[in-house]
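Consider the two complexes below, in which chain A is the common component and chain B and chain C are the respective partners.
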Partner chain A sequence: MENKILDINKLNVDYLTERSSINAVRDFSMHINENEIFGLVGESGSGKSTVIKSILRILPAPGVITKGEIRYNNQDILEFDESKLSSLRWSHISVVKQKALNSLNPLLKIKEQIIDTMQAHEQIRTKDAIQRCNALMDLVEIDRNYLNSYPHELSGGMRQRVVIAIALALKPKLIIMDEPTTALDVVIEKEIILKILDLKSQLGFSLLFITHDLNLILGFADRVGVMLEGELVDIDSAEIIKSGGNNAYTKKLINSIPDLSNYNQSKTNKNEPELIHVKNLIKSYSRHSSIFSSDKFHAVDGVSFNVNKNEIVGLVGESGSGKSTISKILTKLIDFDGGQLLFNGEDVSGITKSKDLLAYRKKVQMIFQDPFASLNSIHTVYHHLSRPILIHRLYNKHSKKERDEMVLKESIDILKEVNLSPPEEFLYKFPHEMSGGERQRIALARALLVQPQIIIADEPTSMLDMSIRMEILDLLKSLQAKKGISILFITHDIASACYLSNRLIVLKNGKIVDSGVVSEMINNPKDKYSKLLIDSCESGWFINQ
Partner chain B sequence: MNRTWYNRIWINNKARLGIIIVSIFIIIAAIGPIFFEDPNAYIDTPLLEPSFVHLFGTTGQGQDVFAQTIAGARSTLFIGFGTGILVVLLGLIVGSLSGYFGRRVDNVLSLIINIFLLMPGLPLMVIIAAWLPPGPFSIMGVLVFTGWAWNARVLRSQVLSLRERDFVNASVVSGESNIKVIIYQIWPQMLSLIMASFIGATVYAIGAQVGLEFLGLGDVDKVTWGNNLYWATNDLALLTGSWWTFVPTGLCIALVSFGLTLINYGIDEISNPRLLSERIVKSRLPNLFNRNGSTPVARKLFGK
Partner chain C sequence: MNTSVQYLLKRLGIYTIAGWAAVTLNFFIPRMMPGDPVSVMFASFRGKLKPEAIEALKQTFGFTDEPLLNKYINYLSHLLKGDLGISTAYFPEKVSSIILSGLGWTLLLVGISLIISFVIGSLIGMIIAWKRDGKLDSILPPSFSFISSFPYFFTAMLLLYFLGFKLGWFPIRHAYNSDLIPGFNIEFIVSCLHHALLPASTLIFMGIGGWMLQMRNNMIGTISTDYISFAKSKGLSQKRIMIWYAAKNAILPIITSFGMAIGFILNGTILTEIIFSYPGQGYILFQAVQAQDFQLMQGIFLTITLSVLAANWLIDILVLILDPRTRK
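Entry: the complex of A and B
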């Protein structure tokens, strides 16, 4: 029998409200053995973060632990007082968070931050601390000179290594990693995961790895737990989870792991005319490096592509690749610094008059990433749908009553088209009364009501749970075919891009590195980066190379 | 979450108490003066102490202090709330245009805002008030002129952040005109800040107006709270020990400001979820809550 380093027994966490409470985590039981990697998987809102914050007792109000035990080395953490808790935190259990930039203080040098951590928990002379800093930097393979740098001078991957070094500073027995690689691109993700595994074999600690990426965690965890709506619905060894687990939900998650074999094989008609043509697009932001100088940072650096009529083009790139900037340029939300934007062969680069802009927006619509943020929380669905109708149809001749009737009829028709039923009921709902998938359907309906020729979809599925993604992708696909519009599908997820699109464009650091028909891209990627993107859809991809 | 905002304000104890206090004064200001023919009339011997005949006693001129306190509420609150509305309206319009359109519009408007912020408010206020013909509208004008910039600055930064939100972008993309985006999409989202600014501006206006009138810069023939204090000092209230000539008015000013501040606290609690959730845990688990402490464990309370 192995030694349990952490043993959670029937943990219950409530969020108190004025009169009652919401049971956010229910009867959560699991344990982590010494030297084990435990993966905790769940969609957003499933209670993963609540559990890890409860382990460290850092869950803010109105969170309250109401039942259960959390045993660390056989001592119940829930009975610790403040001083015992502060000696537990970091010396025994440390945390690596998702956004390295948020965990580091921008005003302190890397060295000072590591020493701060050590001196908060141990009595150690600065001279000795510096020596340990050097050793830590060697451990995470960062040049010692960077100890005197500030966080912003390091790249994303290096920052995350520094955060890992700080987590290791006091040699804890258990490290909790909360989506440590989600904000990084696949190349860096691979490096970091390999580094973590290497450190673990050198130093011997247990790892609680939290992620929503089942594919990633199955590649290296010993055991995996699956959370759904505050409950641990499945827990087993990684092999058993991989083969479908013990629960219908696990099976659903496993099936929703992106699968490139299911790509869009339909060929586009070569004779379709060009709709949007972008020539050598440049957009730069100035970045202040000191008070006296600023250098230009090219978010989009000479990008040229076209989207034809009746075609879905997937624009694939990771955070920072410039894909959102392109979407905002195409919808005229921001200006660009160089290049040309042609629509139906007409140069629309410099249009500024509100009449021209309105005419352009009649043809080009957009769906945003976060359906909660793109709907105004104080307005009903009816308001969101009625505005585009009233703006773009010439209903002014009609009386108010007739106009209202027409708006109502069109709203109900469009709700039927995006499969929201019964439509009459949805009409008067507020955004917070709907699920993420329903909200995104409303956002799609709003865009469709304008009757555009092209829809720019900026990561329309990335904020949705995996199980709902497919439904939205299928809806987009069927509506595109029915209405004969074009879609520029912008995403970081190459698998959904392959599923939906006819053609792919791969973007990295503001430049196009690869493009082509989907089948060609999958079987024969020309660029090293796009090959890695394609490979990352396979399980254990970061090791088998 | 489903409650409307006024409902949420009403269930907040602080805000409710504040609303009650302020409402009482508004009612007094509205109907009180009807009962007194002329609060300036000389009705009795000067400097009588409070009694059943004259509840708050008489002034150094033999006027009824109770009548003057009630009558003073109308003009003071009118100028206070009127200035509050105008200050916020001006700040909202300038701040919104500046924050929404950015670039050159922002540069010009921000410059104007900054110039007004840099002007020394109090001396300017005194000089302009002395120069203008005395009267309530002059005072209102002075207060708006010297007070709008701060609100414009605060509201501008809120517009600036809301302008980047996706629902605003979505509205722009669907073809909505800029003015409609500001009015229908952005303003409703910053209602609590607008309310808070309005209340802050009103408190400022009441204080500053009383101050100006106390210095004799208002129309001294009118009955207002500021003038009540002006006449009390003129009649050497402190030397003669006639405290009743200034305490009632002073208390009223303090109470109105207190009520308004309570409403502001309430709005703050409602719009800042962290304050709200801390208050909930504190009231439900009084022994376990510690603002800087660890997550409370309440196993006994909720049963094993």
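Entry: the complex of A and C
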């Protein structure tokens, strides 16, 4: 039998509040063998982080471990005193945190942040410590000269490697990685995961990899556990989980993995007229401006594309590619520096009067990324829905009483359309009383109310959990077909873009690198970068290469 | 050239322009004010002076009928030579030498007390934020807010009355014992320190609260950052995290307000120096205003402006040293 490095037995964690206690984790049991990669998957709020904090014994108040045991090398961690714990932390179990990009102190050199970790746990002379730093840098393949740099001088991927180097500094037996690649783009994510696997085969440690991205973890984990609302609902080898697992929820998660074979095959009608046409759009920001100099960089650099009537166009790109800037330009939230913006064949580049802007925005509505931030938390759903009707003066000819009735009726109708039922109940809810998915439906309803010709949806699903994502995409798709409007779907996730859109545009560093009908793009991407994006939808894609 | 040096030179250029603007305003504003310093000055002679004597005096003080522009150019060229004119109140002493002596005392008093209150305030702020909601954290911030809400002169006079006048622990006026001859000897230095102790401690006492609260707030923001929780899970000692991870980051914004504080304090010490009859800038300015000594007033305004600019440049350098992100 293999050696268990970590063995968790019926762990229960409660968060105590004044009146009651919340069961954050219930009867959680799992183990990790030596040299094994264990993937723990769950949506936000499923209790993954609570489990890690319990393992490290850094659970903040009011969290309390009420029952169970956590054994590391056959010793119960829960019975350790503070001194034993501090010798356990990092020398035996180390962590790479979720926001590893911000895990480094901006004011200390990389070298100092590695050395202080060593010195906190062992007596070591600075000369020896530097030698070990050099070895660590070689291990994560960063030039040794960067030891004397500050974090801001390193790229995101390099900082992530430094954090991994720090995690390896004391040669721990178990490394916990909590969503280590979430903030990175696909290319860097691939590099980092390959590096981690490479280091594991060199050094031999166990890995507890926590993620919400089932697709990613299935590519390289030995075993996978699935958490739902504080319970481990499924645990098995990666192959079995991949083929559907042992639980309905696992199946649901597996099914919500974006699948490129399920792309939108409907052809757009070529005869539909153009709705939006941008020609050679340029927008630049100045980076460091002073009286004496300014350093400009082009966020959008000569982009031309069009969106036809009754069409969904996916605009795909990573952070920094300029896609949000484009969405802001199209909704006239910011001005642009060069090029033309045509709407229904009319040049709208120059409209600045608030009356004209209002008329334009009635036709061009927007849905934002963060449904938590885009709804003012002090107003009810009814307020949010009635605003666009009143602002765009849809019923101004009617008397106030009639108008109120119309607003109420319209609001209820639109809530039905976005599948929020019973609508009468949702009408008087506040944003904080709804889930992320429900809020995003409200945002969609609000955009639809003024009967726009196009909706600009800027990452409408990226803040939502996997299982809800598909529901929102389906809703967008069905409403688009029903209302015959256009949608510009802006996303970093090429799979959802393929699922929803008729046409794709791939954006990189402010320039369009590839575009075309979805089926063409999937089967025959013209550009290296779009091929990489397409490939990244396969699970384990980077290992098979 | 090194970009940091370039940046500092740029800033120096901006401050030079600001300094020139200040000098120009300093020249024109008093001359545009209604009233005539010359007549005020000569009124005290009650007509006992012969016209020739008046003319001679006017020449000496620079009150000529030349066009304004000529005067301005003259003023600038004198300024560059360090010549600020001659004081009427302390006739025949030069304004520059009066200011130099005043500036020395002010820098001694204000400089030291500002640094001490900054250091103590920031240290306390750091500690109470680190042990947030601890005993000290619940006592110190409200009590210092209470103390700082008293008007400064009230506290100062209270202390002067009880500690200086009633109990006689501290001298009640001047910067050193007037029986002594200024020089670099122990007796004189001790006397200086003894005289500075009461005004300095009032300044420090009143100043600590602000620094403490600023530092506490910044620390609390910094403590919740990811690099602090990463440092904690790395197993570093509390002391190392508190000082090198939290405080080092939290103090950066305060350094900038420290630069601004130097300016405010130079103005603010007028009250201190008047109450404690301390022969610094503020006291001299007070005297100059009472005697309507325009040359001296102008000179003092100028030094205040220039010292604020200089302080800001020093802060620029300090920030550059402390924050690697500002070095490009």
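A few points about this structure:
In this text, the second predicted complex is superposed on the first by the 529 of 545 C-alpha atoms of A that agree within 3 Å, B and C clash if a C-alpha of one lies under 4 Å from a C-alpha of the other, contacts with A are read in each partner's own complex, and residues count from 1 in each chain.
Note that in this section contacts are C-beta pairs under 8 Å (C-beta built on N, C-alpha and C of every residue); 3 or more make two chains touch, one makes a residue touch a chain.
This structure is a prediction, so every number in the text was calculated from the model and none was measured.
For the composite obtained by superposing both complexes on chain A, the positions of chain B and chain C are free of clash and fit together. By the touch criterion stated above, A:Ala443 is placed in contact with chain B alone, chain C being left untouched. In the superposed model, A:His152 makes contact with chain C only, not with chain B. Once chain A of one complex is fitted onto chain A of the other, the partner contacts of A:Asn105 are limited to chain C, with no touch recorded for chain B. Set against each other, chain B and chain C differ in how many residues of chain A they touch, and the higher count belongs to B. In the superposed model, A:Ser321 makes contact with neither chain B nor chain C. Contacts of A:Asn376 after superposition: chain B is touched, whereas chain C is not reached. Within the superposed three-chain model, A:Thr331 lies in touch with chain B and out of touch with chain C [touch as defined at top]. Legend: residue contacts after superposition of the two complexes on their common chain; A:Ile166 is shown touching chain C, with no touch to chain B. Legend: residue contacts after superposition of the two complexes on their common chain; A:Ile58 is shown touching both chain B and chain C. Across the superposed structures, the minimum distance from chain B to chain C, using CA atoms, reads 6 Å.
Touching of chain A by both chain B and chain C, each in its own complex, is seen for residues 58. The touching residues of chain C, when paired with chain A in their complex, are 10, 14, 225-227, 229-237, 240, 244-245, 248-249, 322-325, 328. Here chain A touches chain B in the complex through residues 12, 14, 16-18, 53-54, 57-68, 78-80, 82, 85, 328, 331, 333, 354, 358, 361-362, 364-366, 368-370, 373-379, 387-388, 391-392, 432, 443, 446-447, 450, going by the rule given at the top. Partner chain C is touched in their complex by these residues of chain A: 56, 58, 86, 89-90, 94-95, 97, 99, 102-108, 116-117, 120-121, 150, 152-153, 163, 166, 288, 290-292. Those residues of chain B that touch chain A in the shared complex are 1, 165-167, 169-177, 184-185, 188-189, 274, 277-278, 280-281, 284-285, 288-289, 293-299, 301-304.
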